[in-house]
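There are structures below to look over.
Paired with subunit B in one complex and with subunit C in the other, subunit A is shared by the two complexes that follow.
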Partner chain A sequence: MAVIVFDQVCFTYSPKSPFHSDALKGVDLSFSSTDFLALVGHTGSGKSTIIEHLNALLVPTSGEVRIGEYISSSNKKRRSKKLGYLRRKVGLVFQFSENQLFEDTLIKDVMFGPRNFGDSPEAAHLKAVEALGEVGLPEEYYERSPFELSGGERRRAAIAGVLAVGPKLLVLDEPTSGLDPEGAREMMDLFKKIHERGTGIVLVTHDMDIVLGYAKKVAVVDNGKIAMTGTPAEVFSKDLKPYGLEKPLVYQTIDILNAHGYSLSYQYENLDDLAKAIKEGKKQ
Partner chain B sequence: MDHRLIVRAKDLTFGYRKGEKALRNVSFELNQGRYLVILGHNGSGKSTLARILTGLLPLQGGELELFGEVPTKENGASLTRRIGIVFQNPDNQFVASSVEEDIAFGLENLALPREEMVRKVREAAKMVGMEEFLNKAPENLSGGQKQRVALAGVLAMEPDLLILDEATSMLDPKGKREVYKAIDGLRQTHPSLSLISITHDVEEALHADRVIVLSDGLKAMDGTPDEIFSKKEELKRLRLYPPFVYRLSSALKKLGIDIVPEGDLERSLSPLWR
Partner chain C sequence: MSADLLGRYVPYGSFVHKMDPRAKIAALIALMVALFLGYANYSMSFVMAGLCLVLFMALAFISHTSFLSILSSMKSLWFMALVLLIVYCLIPRSAGGTLAFYIGSLPIYYESILDALRILVRLFLMIELTMILTATTKPLDLTFALEWYMKPLGYIGFPSQEIAMTISLALRFIPTILEDVERIMRAQESRGVDFKHGKISTRIRAFVSLLVPIFVSSIMRSEELADAMGARGYDPRGERTRYKVLTFRWVDALELLFCLAFMGGCIAISVTAFDLFGLFGLTVL
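Our next item is the complex of A and B:
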């Protein structure tokens, strides 16, 4: 697992039917499996379709996706056979993943992944305990039914279930939606910790303040293609209205002030620094 | 303007289980035309309060008056008819296959003449800026658009009190701002409409006349947005952060520059170029 490459990937839902829909129209994207990449774009831009290609839930209609040595291609001859290998390396956490718990105890639910990939009960138990520790669920919860946990705890449990398999790349679809601000911050700090330990993160989110605070790289998805990539500061300094996106409030502030005669650069993420620059700008 | 009392809540108390209280002695009053935001984290008791106000939970302790009347079995239905509610999940609130039919759903039960219904649906769609989407299907709408349709469906019934129960918590920042803007517009065109919004979003509270902060079932703070968000230490203790404009305002204040924080970012910043 080193580099993930999307090479002219097209994907069509329900081809040759009345529901025919071209979701991806030639996606070119490459990133390292140690990146913290955010995919942003308005509803229906193709973000979710892209991430479902990362563990071959979807296979390109044309073009190919290379995930390290694994090839997911429209060309059956080029397609890798070891799907289990890919599924172990790439962990996908869906939106509202808390609704996907199904075992009668928390520990069994988290053990399901490792067991499914052939681990012994003892080995699976060890991995589950480690994953639950990582997401901050204490031992006294292990024998509880997932339904006795709060919504936020259930979401952590679902994430533990994915982490227990030991993925090298963690793919997250709107992991903070529906959480209160403190809950969202805790959740993102957890992913930051996981990333610092060497696991790559691909994050789909609508929250540009989260992108600014956590992602190292951003790809803007628009109409089934990648419209631009760059660091958060690079992307947020551009006009994002054509893509139906709203900038983080710091950048909106800079845009408004620049429209009224200031010439602030887009490098301020810290409000004290921004305030100083505003004071300087006001004098001139 | 008429300042008739729309809601009078005194010492509202509720427990789901014996010995546990989700809500303890919460009192407040809401006058006609005012916008009250009830702010709190998950588990603060704000949803319990919303359910009591909308009649989804019975009154256990305390007193409640709506439109000057104590809700009873007899007047319950007529009081409820004056209240419109928008819930959290935009996808669970769509009942029809087009925007127009969805907004019309409530009106259809009133046996109105066709022309009048069409007119009311159009008016309601216009109030929330969705008049160009009347023929669209729900799957082609964003979350913010769906919630504005839900809002229009409720507004078409001409409620006196609008209750938003975490109506923006599942929306992205852009969708949230669309809904806030729709509400700001609504307050301009319908000054007699009263609003209660239950939320964990401090940015929404900027638009209100008054904010109540709930914590562990108790009323922890009560005041205007400016009174609430100026108390940084107290907010921190309640695990709440001031909205962005207040954080920027205090960074600027340290350098001797004043802005006037409010719901509209551009207006808040305007002292910087005037």
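Our next item is the complex of A and C:
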């Protein structure tokens, strides 16, 4: 188990130019590589910038990020050299990841990552088959062009492409955006399964119901800083309006019911549980 | 987020920025003519080039065009310089010249080297000038100006409006596609691609992993855009109005006049084969 620590991380895009913008203004955050962490915050709060620090695509302007033994620091002397090692251990799935496919067959595309990290074609093939099985793409798809697949299937293929590398920490930027509710649920169940297998997950999302249902830890990002961390129940019981966030549907329902004379606590994870509890409460 | 992109529009409020883009294009042409005129001899050519350099540098300074980006444009000129030098040395000189030295049995003349140098200086100054133009003018304003210049061609059936629309759409999508490029690059980097190092063959492969997704997403985007325009009733032949109307102010005329005067002066010097050094009885090159 490795620990990931953000220590006073600041990051500025295009410093000293008219396009100068401070994306991160002193982020302090720590979590373990076995966590299921959700990063929430409104658009432009710096979530995506944070996750790009996790595999050193971005290097802090000041402060440092420690990912296990790897140090990504603004101080060049402290910076670790083994970038390839880090990229292997931390897999990043970007928003609209279905657009990153390019090979002529699906299996080749999934093999691309392992091959880049120096695996033999045979080893890469094995890893690709395993990853494709994990995301639930059937064998008859392997020799097809990735562009023949549907949007959801392409996204799964892209995720398989990252999983095939064998990351210890999987970072996901809005993996459910643009999917229908059923597709989103299937996708999240996949990540749940991957997490239970021992891979850490960092999830960026706008869907608070997903956060409540799947994440074990939540960090609220606001204006380039971490405003709050805690379990989903802790975070959602607070007022999130100042950060431009809504509560999950169940919590909103509980708030409305409480305003009309009920006294319910935030202990239910979905509307069914809440409905059941109210029904049983009525019987008693 | 690539602020260091060469020749990208940078919003400042200098008078160069505020100048009407039509006047700016005309001024650019006038200054380029001045730059590429032939003068009495090499010394005069370089003196005039120096004069242009002073003027352009002043313009660059006033308009906040970064000297660093101008200098970095010189980096790519190195290869050009080499090619030019080789070409000029290989071309046989009918007029003869002053022999400098031999490479093997090939005679090299001073004139060949000076010719190459003169072209190079002019190219550099031309690049500087166009960089000032693109750094101070919004791409869309440039298209409007180009469209305005193409208007007369409309009478002979030239589709100036369609072309202007195509150009402005292309310009509009440059930042969007750049964003795509950055995202895909980072995604592929996360999959272990190294775009900057490695053998040529692996770098070509890395490039393919970027090119294919960008190509596919651009084509899809263009289809969507065409549909969206069609759905809102875009008619390529219709008379179009502008949200932003270009206005030609008297300052624009003044600035343009100055550039034209500069060109006029240069033409006069060129036509009369004026030789500053000859006046003092000096003969150099």
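In this text, the second predicted complex is superposed on the first by the 264 of 284 C-alpha atoms of A that agree within 3 Å, B and C clash if a C-alpha of one lies under 4 Å from a C-alpha of the other, contacts with A are read in each partner's own complex, and residues count from 1 in each chain.
Keep this in mind: contacts are C-beta pairs under 8 Å (C-beta built on N, C-alpha and C of every residue); 3 or more make two chains touch, one makes a residue touch a chain.
This one's a predicted model, so the numbers in the text were calculated from it and none came from an experiment.
Visitor: Given the touch rule stated above, what does A:His260 touch, subunit B (first), subunit C (second), both, or neither?
Guide: The first partner, subunit B, only.
Visitor: Considering only touches as defined above, state whether A:Glu246 meets subunit B (first), subunit C (second), both or neither.
Guide: Only subunit B; A:Glu246 stays clear of subunit C.
Visitor: After superposition on the shared chain, which partner residues are touched by A:Gly161: those of subunit B (first), subunit C (second), both, or neither?
Guide: second
Visitor: Figure out whether A:Pro121 sits in contact with subunit B (first) or subunit C (second), or with both, or with neither.
Guide: In the superposition, A:Pro121 touches no partner, neither subunit B nor subunit C.
Visitor: Look at A:Lys276 in the shared chain and tell me whether it touches subunit B only, subunit C only, both, or neither; answer first, second, both or neither.
Guide: Once the two structures are laid over each other on A, A:Lys276 reaches subunit B alone.
Visitor: Quick check on the superposed pair: does A:His206 touch subunit B, subunit C, both, or neither? Answer first, second, both or neither.
Guide: Once the two structures are laid over each other on A, A:His206 reaches subunit B alone.
Visitor: Look at A:Tyr13 in the shared chain and tell me whether it touches subunit B only, subunit C only, both, or neither; answer first, second, both or neither.
Guide: So A:Tyr13 only meets subunit C here.
Visitor: A:Phe102 in the overlay: touching subunit B, subunit C, both, or neither? Say first, second, both or neither.
Guide: second
Visitor: If we count contacts the way the header does, which residues on subunit C are in touch with subunit A in the complex?
Guide: Of all residues in subunit C, those touching subunit A are 1, 3-4, 10-12, 180, 183-184, 186-194, 208-209, 211-213, 216-217.
Visitor: In the complex formed with subunit A, which residues of subunit B make contact?
Guide: 41-43, 88, 140, 142-143, 169-170, 172-175, 177, 200-202, 239-241, 244-245, 247-248, 251-252, 254-255, 257, 265-266, 269, 272-273
Visitor: Which bits of subunit A are touching subunit C when the two form their complex?
Guide: 13-14, 17-19, 52, 55, 57, 84, 87-88, 90-92, 94-97, 99-102, 112-113, 116-117, 147, 158, 161-162, 165
Visitor: Within their complex, state which residues of subunit A touch subunit B.
Guide: It is residues 42-44, 150-152, 177-183, 206-209, 244-246, 249-250, 252-253, 256-257, 260-262, 271-272, 274-276, 278-279, 282 of subunit A that touch subunit B.
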